[in-house]
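There are two complexes below, and they share chain A, which is joined by chain B in the first and by chain C in the second.
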Partner chain A sequence: MTLNVLVQALLNGFGLAMAYVLVALGLTLIFSILEIINFAHGEFYMFGAFVTYLAFTQVKAPFVLALLAAIVVVGLAGGVAERLVFRHLRGKTLNAFIVSLGLLWVMQAVAQIIFGIQDKSVPSAFSGVLRLGGVFISIERFAVIVCATLLIVALYAFLEWTRVGRAMRAAAQDADGAALQGVNIELISALGFALGCALAGASGALLAPVLSVSPWMGALPVVKAFIIIILGGMGSLPGAVLGGLILGVVEGVGTLFFSSAAVNMLGFLMVIAILVLRPRGLVGGA
Partner chain B sequence: MTSVRSIACIMLVALFALAPVSSAAEKTLTIGLLGPLSGGAASYGVELLRGAEMKVDEINKAGGLKIGGDQYKLKLISYDHKAIAADAATAANKLVFQDKVKFIIGNAVGATCNAVQTVTEPQKVLFAFVCWGTKNLGPDKPYSFRSMLSQWEAAEPFYRWIKEKHPAIKRVAIISPNDTSGLDTNTAVVKAIKALGFELVAEETYERGTKDFYPLLTKMIAQKPDMIDVAAAPPGEAALLVKQARELGFKGAKGWTAGTNPFNLIEVAGKEAAEGIWSPVNINVKSDFVSPAVRKFGEEYEKRYKELPGVIAVANYAAFDVFTKSMVDAQSVEPEKVLTAITAKPHDTVWGKVVIGGKDTYGIDRQFLYPLVISEVRDGKVVDVAQTVPAALKK
Partner chain C sequence: MARSTFLGPAVTLALVAAVGVALPVLTQDSYHLDVATTVAMNLLLTMSLRLQLNTGQVNMAHISFMGIAAYASALAVTRLGLSFWIALPLAPLVAAAFAVPIGLVALRLSGPYYFLVTFAFSEVVRLVFNNFFVGLLGGASGLVDIPAPSPLLGLTFTDKPSQYWLMLMLFLLGAVVLVRLDYSRFGLLSGAIRQSELLAATLGVGVLRVKLTAFVIGAVWAGVAGAFFAHSHHVLHSSDFGLEPMVLLVAYTVIGGVGSVWGPIVGTILLTFTSEMLRELRAYETLVYGLVLILTMLFVPDGLVSIPGRLRRAWQRRRAGRADAMGVGVAA
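On to the complex of A and B.
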């Protein structure tokens, strides 16, 4: 195996891992605040991709506007879902599990009715390929890495340095304690859910031109997101980034040596090992 | 006013009086359909369903099937198995034991066919499918038919054509989903390319639903193939494979042995990435190569569903045609009698003449055989470049 192939494999793994980290961050944010595991989270990712598809094909919007539209529309949809459904299920893990599965099927079916069954293509905003020696990466994948990194940094800044962000962290650590300090838990829950969904929507929007768009596209990213947050630790932002990078490297380089089925298995083996040996994940809780 | 009421009453009485007479003369024949109507392989299932719907509507509009003095209207019941074998077995049980169907026309994805056959064969239910599993046909499965050419009919003539027309291609890499259809397709392609003297430099499989093929393609392209065959990949995944191969610098030839819908591939991959891909089993309903019947089917399909049909829709439309014509020939809806009629002679269908053969490959004549057309994508259009005949049909 040449060095080029190894570098290419690392780059492959890193490329999409950053977008999946966004999905994972949304999932872990929602879990932290509402104590709900949202199995329909992948469908918000799919929703973001379809918003981008419509923005590109119907409105001919530029990429940045399409991305912003996906973030806003999916965020609002998340807020509505929290207000109408998930607010009433806070802390009721089993009920929330069943409801989120139902929401998953509903969102898939609605997308199938509206957009049909064939995969859709979103025109690339960045055409061309970057070549560094024998290593290739499309400019649109490179743009995904840059945009996803910027969004992760923005999220970190929001949670660290804004009043609302600090309220979210407080609610995640101890909702009753935060409420006693004057934090409006209902508002923070809605904002947290909306922000979590918006992150999934952003990821879908970023990957729509790179991959393709279909009503069932949310299944794989949500599985990867679960692996990422279990590796990194539920509720941990740095943990999600670390988990995403580990998964990306394992998948990218592992494929060079093993079959794809074996590589898929590696991700789950890591999850089992972490849950047995270090249930809090590599970085730990909130 | 009173007279209006009286006329209305008389009409109502007449309607009730006539109703039993008309239902006695007209019977309903329920036919089952199974397929992945959701999930990553949904394009297969939906095409199956649409092909069936079009034939059923056509027959019912013409008054139904006249069999043994009765007029049968067709009713279609379909279930989604999501390309999952366990769901397919459950759906087959529902169709056979709950809905009491004796004919299941349409199913896709090899592993689900095996599951369905565990129900249909013991119950002697006639079953037509487009699955590409090798073991879906055999002497132990006399009630099962494949209504579309499979990898075993397509791979050898396809690669023979490549060898003759593109002799510079020596090194081939192939990739398919890691299920029965994909693995069996890889087996057939590997057998054909080795027999014809090509060098197999990579043979890969992936999980259906995969969208990022960079890791697998990096491994394949490192072997420097002259051609990559995205063998049994469905259209959306085949499109991503050729698009991402191009991004990774691959400039060689591209094949799609089991390609089913090149229009969707072009839409997703873009015309630059799709350029030059060959496929031996898909159908271009707008081509001059195809019969007027296929062109007419394509026009009606596009008008009804706002999309162009792929080969699976045409195959299931033809399968319905063969089965229902055989019911009329047999003047029976008993599966045993219909089976005898199906295998008794070739059938005129939307494909042209279809021969039921395949004994040399499967040990039993249950494979629909018809000429295959090799197509190439040129500047975003599907262009038919050659017509060839499967070895089994030559015999």
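On to the complex of A and C.
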């Protein structure tokens, strides 16, 4: 096996992994602020892909606008879900988890009623193949990696250097303490949930041209996102990025040696091992 | 004292049994019997899931134990040539043998970490069914040609009515055990753990032991359902034991109510009827399920069985309020 094969496998693994990191960052952000495991998070990703399908293929908007539309619309949908449902379940992890299973069904059913069960395909926004030394990557996948990276950097900057971002981190660390310092927890929860969903929507938008768009497309990324945030430590944003990179490497390199089922299984076995041996994840801390 | 404690549940169980026995007399329609058989099987699953939910744990791998027993029973009959009647008690024991180590590992965690670790286990089991030992387990095309239960004491179990009777008997057996368990010391300890795990632990309740017992007993009864499923469906696919049917079981149980042993019975029967009525409108069926689940958790988090008690308490408060008002009036 040459080095090129290895690098190629890593690149292939990273393309999807970076998009899943966006889903995972949203999931972990919501968990850190509301202590809610949102199993319907993949449906917000699916929603983002459908918004992109409508904006890009039906309205014929440029891809960047379709991506922005997905971020805004899915973010708003997340805000509505928080206001109507999840706000009342803050801290009630069990009830909120069951509600998210209900929401998963509702969103899948609504997508099925509106768009039907046929897979939709979104044409590539970018064509061509990039050659880097001996390895190849389609410009489309390269664009996914670049856009996802830009969004992650933007999220980091937002949380690190803006007032609202700091309030979100404060609420995640200690909601009561933050409230005592004058942080409007209700508002921050809604914004955090919306932001988390917007990230999933962005991921769905980025992957819409790469994968086929269907009401059930959210099932896989949410599972990958859970694996990622458990590897990195639930509630930790740098952990989610690290977890995504690890999953990308494991899946990319793993497929060289094992069947895809065995690679999937490896992901779940890592989750079990981490949860049992080091429940705070590889990064640790909050 | 013992009599007064057990009289209520015994009467309720007898009523459930009477409805089950009366059903084939009222209808010979094979579609109706088919639905009723599935309900009885699901009841075994939801009642045993509720046993675990009662300790505050959502075991997302519950359906995997049904799957393990289903595959075990099918293989025992087709590969080892055992009789169904030996496989039927054997398969749940196989499920229990897997449940003990998995439970010991998973129950070290609680809350969200517990859902996630059990979900990870369920996916591992599903992937094994789907992709590994394909020669033995049938892989993605499924484990096929599983024979119907063999005749016993001159009775055959190849047609719908006889399979209904078999499943009804299995369900009633399970219901008696699970209801009896709920009215025992074990039931009290479970409820105590659900309400406050920390408090229960400080009062000397062996929390892990109670949880593990619920986990393993749950796996055994899910296993009984699995063995029946294998020999009445004749084919097993990994997706029969995946996330989708698992979420359905959670919905049945939680909508009915976790705090009462009757909750899953109410939830399972009611939701099965609803879904049979909405069968023609596939996506709307899912939509209704999802909305009912969300609304239940928001407005009646203790499930439908808690509604009569709530109404009674509200009524008593109103009466008490009125009496107070009258008393004040007289004093003035």
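What we mean here is this: the second predicted complex is superposed on the first by the 283 of 286 C-alpha atoms of A that agree within 3 Å, B and C clash if a C-alpha of one lies under 4 Å from a C-alpha of the other, contacts with A are read in each partner's own complex, and residues count from 1 in each chain.
Just so we're on the same page, contacts are C-beta pairs under 8 Å (C-beta built on N, C-alpha and C of every residue); 3 or more make two chains touch, one makes a residue touch a chain.
For clarity, every value in this text was computed on a predicted model and none was experimentally measured.
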When the two structures are superposed on chain A, do chain B and chain C clash or fit side by side? clash
Chain B versus chain C as contact partner of A:Leu275, first or second or both or neither: second
Chain B versus chain C as contact partner of A:Thr52, first or second or both or neither: neither
Check the residue A:Asn264 against both partner chains and state whether it touches chain B (first), chain C (second), both, or neither. both
One more residue to check, A:Arg131. First (chain B), second (chain C), both or neither? first
Just checking: does A:Gly13 make contact with chain B only, chain C only, both, or neither of them? Give me first, second, both or neither. first
Output check: A:Ser189 vs chain B and chain C. Expected answer is one of first, second, both, neither. What do you get? neither
For A:Gln108 in the superposed arrangement: first (chain B), second (chain C), both or neither? both
Using the touch definition from the top, say if A:Phe31 reaches chain B (first), chain C (second), both or neither. second
Offending stretch of chain B which, after superposing on A, collides with chain C (from 8-16, 44-52, 80-88 or 350-358): 80-88
Doubly contacted chain A residues - partners chain C and chain B: 108-109, 112, 219, 259, 261, 264
The chain B residues in contact with chain A across the complex are 38-40, 42-43, 46, 178, 204-207, 209-212, 214-216, 218-219, 222, 235-236, 239-240, 247-249, 261, 264, 267-270, 307
How about chain A: which of its residues touch chain C in the complex? 31, 35, 37, 85, 88-89, 93-95, 97-99, 101-110, 112-113, 219, 223, 226, 230, 234, 259, 261-262, 264-265, 268-269, 271-272, 275-276, 279
Give every residue of chain A touching chain B within the complex, in rising order. 1-2, 5, 8-9, 12-13, 15-16, 108-109, 112, 116-121, 124, 129, 131, 136-138, 141, 207, 211-212, 214-217, 219-220, 251-252, 254-256, 259-261, 263-264
The residues of chain C that touch chain A in their complex are 56, 58, 105, 108-109, 111-113, 115-117, 119-121, 123-124, 127-128, 130-132, 243, 247, 250-251, 254, 282-287, 289-294, 297-298, 301
